[in-house]
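Shared between the two complexes below is chain A, which has chain B as its partner in the first and chain C in the second.
So, the complex of A and B:
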């Protein structure tokens, strides 16, 4: 217990909580970008445009089957070699968005596939354009079906930001490592505190999911 | 290509460790996951709560933190290498996801199967292991397959604790050759050799099993 009190002094605590802020910022940016990108890719795969859709589908499959850690390292260490040099915060956001967009697009395509074909025909025959049909009729229904898998993907996104500590992004996990490097007695208290932080963020996300589910149902 | 020739021994050794870690974690997490799925479905409230707590806790905590916990805290009490602590963490983490898949599989099996088996004189344990679980695994196969793919990808976490796996060796090659781009590209290809065939098999099984039901 004394280890706890010694490890989580006010200085250390505010240092760690700033790290949590970075974790949340990376997560939020990646969630927004990957939702947009993932929707576009998901719709392209769903529309079955000759050649293009299957090409996108194959690329998507490749990205989905790579470890996220590799993509994070690639975007920070390898991209500078071809002239793309990003600060660590943005290289992490790019890597996370890229990977998560591939995961989300598969969920979105699945959700679109589950919508009855009659919905398209009905909307088109009442005079809506193709795009209007998509944005006003199909997507709202599809999103409703996708919410449970989407949220669990977003929860793993938040957890996975911890991998960016490997490229020295000063997030919660990295700052935790800095704190317990001072004193080996701090390891367990700091790890427990970090676990608690991630758990709270993810728990709030799952509460949001329940709320959305009830709102839309 | 010259980079690959030069460092192929490292890449292949890493590849071997990645496969080894994945196989060990797969077996361990299937056993643990099934156990905790049964616990979650237990009629005894306390046991069900215990199973739920285990699954919810592990699902909401980053794998990296579990790995660091074993590597830094547990390894002090019980001596183990980075490879072992990483594989243990990987097994526990994956078991929570497998428990969810198996639980869903068991719930999808008609109650009559259990009742029929019990009425035929089988004990609860026999009915579960001989009648319900085999069917439940069949239902859960697609999602178990996805967990296996995730497991192979997640094994890259070993790189954080000196686990000698593919990602770890990739980092070494990148650092010593200065050609990070090619090094990570080769690492990516090695992972794809494992995961892409798995994902196509899973897609096939998913379609095939849906027809047979």
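So, the complex of A and C:
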């Protein structure tokens, strides 16, 4: 107990909570960007546009099969070599968005594929355009099917931001390491505190999923 | 004036020759029933009329538009040519009322108040006004099909296509759907093309009967002539088979 009190001083707590703030900020930005990018890629793969869709599908497969850490290293160490210099925060967001978009796009394509073709034909036969059919009929039904796998993937995303501590992003994981490096008695309290933080963020995400599920029902 | 005109139409699925040398004219206001054994191409034929299937050769004119011309805007044709499907294809994510109101709102930009009144009137007509706020999943097959018919009618189409509208229904549901279709055929000057196995309906409602087999039109006669004395041998055989049930 004294270890907890010594480890989680006000200074250390505010230092760690700032790290949590960075974790949440990187996660939120990556979620938004990867959802948009992933939807576009998923729809392109679903629409089966000659050549283009299979090209996008192949590239997507390559990205999906790389370790995220490699992509983070790439965006942090390799992009500056070709003249794109980003602060570590943004190079993490770029890497996460890129990787997660590839993961999400497969979920989105799968959700679209699961919609009965009759829903398209019903809509097209009343004169709705392809876009109207997608926005009013197909996507709302597909998103509902996709919510459970999407949320699992987004929970992974939040946890995977910790990989960026490897390129010294000052996120929760990185700051935790900094704090318990001062004193080995701090390891357990700090790790428990970090566990608690990640759990709360991800638990909120799964509550959001339940809420969305009811909303779209 | 002709509503639908097939001229030397050929349709392939890969190597499979689904429609062979189709020549057929259906005038505005006519009610035509299309029958034939399964796999004869009748569903394929009706689906080409609103562009759900493409044709590979020949000419297909619907409401004056050439469907084989890539410049033709399919949505313009579909505005005037409704379709009722074997499996209803109601929008699962919308209420019954929304199913009917969606296309008139998006495609015809119909005034919201007028749209709702018309949709309710149509639901009244098919006997389902009390289901307006239900989801399709809460309806029986026959009720779904009547909603699907109301959805097509809401666009006020010039032509309505029915692709085996009663084939997926329990026997006791079929009567209600056929009654609605009969009323439409009798009360309106809409062109109707119906793929069905309901011979009673064909006899009572059709102006003409077309018999198809193996992707070809084998007989195209007036309803009386077809049921009394079909000239084609396969049509005769088909009629005797369905009559024996």
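Rule of thumb we're sticking to: the second predicted complex is superposed on the first by the 217 of 217 C-alpha atoms of A that agree within 3 Å, B and C clash if a C-alpha of one lies under 4 Å from a C-alpha of the other, contacts with A are read in each partner's own complex, and residues count from 1 in each chain.
Operating definition for what follows: contacts are C-beta pairs under 8 Å (C-beta built on N, C-alpha and C of every residue); 3 or more make two chains touch, one makes a residue touch a chain.
Source: prediction; values computed, not measured.
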Combined model on chain A where chain B meets chain C, clash or fit: fit
Which of chain B and chain C A:119 touches, first, second, both or neither: second
Which of chain B and chain C A:136 touches, first, second, both or neither: second
A:13 touches, of chain B and chain C: first, second, both or neither? neither
First, second, both or neither for A:68, with chain B first and chain C second: first
Chain B versus chain C as contact partner of A:155, first or second or both or neither: first
Partner chain(s) touched by A:173 [first = chain B, second = chain C, both, neither]: first
Per-residue touch tally on chain A - higher for chain B or for chain C: B
Partner chain in contact with A:127 - chain B first, chain C second, else both or neither: second
Included angle at chain A between vectors to chain C and chain B, based on C-alpha centres and rounded to the nearest 10 degrees: 100
Superposition-derived minimum Cα distance between chain C and chain B (Å): 23
For the chain A and chain C complex, residues of the former touching the latter: 116, 118-119, 121-129, 132, 136-137, 140-141, 144, 216
In the complex, chain A residues that touch chain B: 61-62, 64-70, 73-74, 77-78, 81-82, 155, 159-160, 162-163, 165-166, 173, 177, 180, 187-188, 191, 194-195, 198-199, 202-203
Contact footprint of chain A on chain B as seen in their complex: 57, 59-65, 68-69, 72-73, 149, 153-157, 159-160, 167, 170-171, 174, 179-181, 183-185, 187-188, 191-192, 195-196, 199
Chain C - residues contacting chain A, complex: 50, 52, 74-76, 78-79, 82-83, 85, 87-94, 102-103, 106-107, 148, 151-152, 155
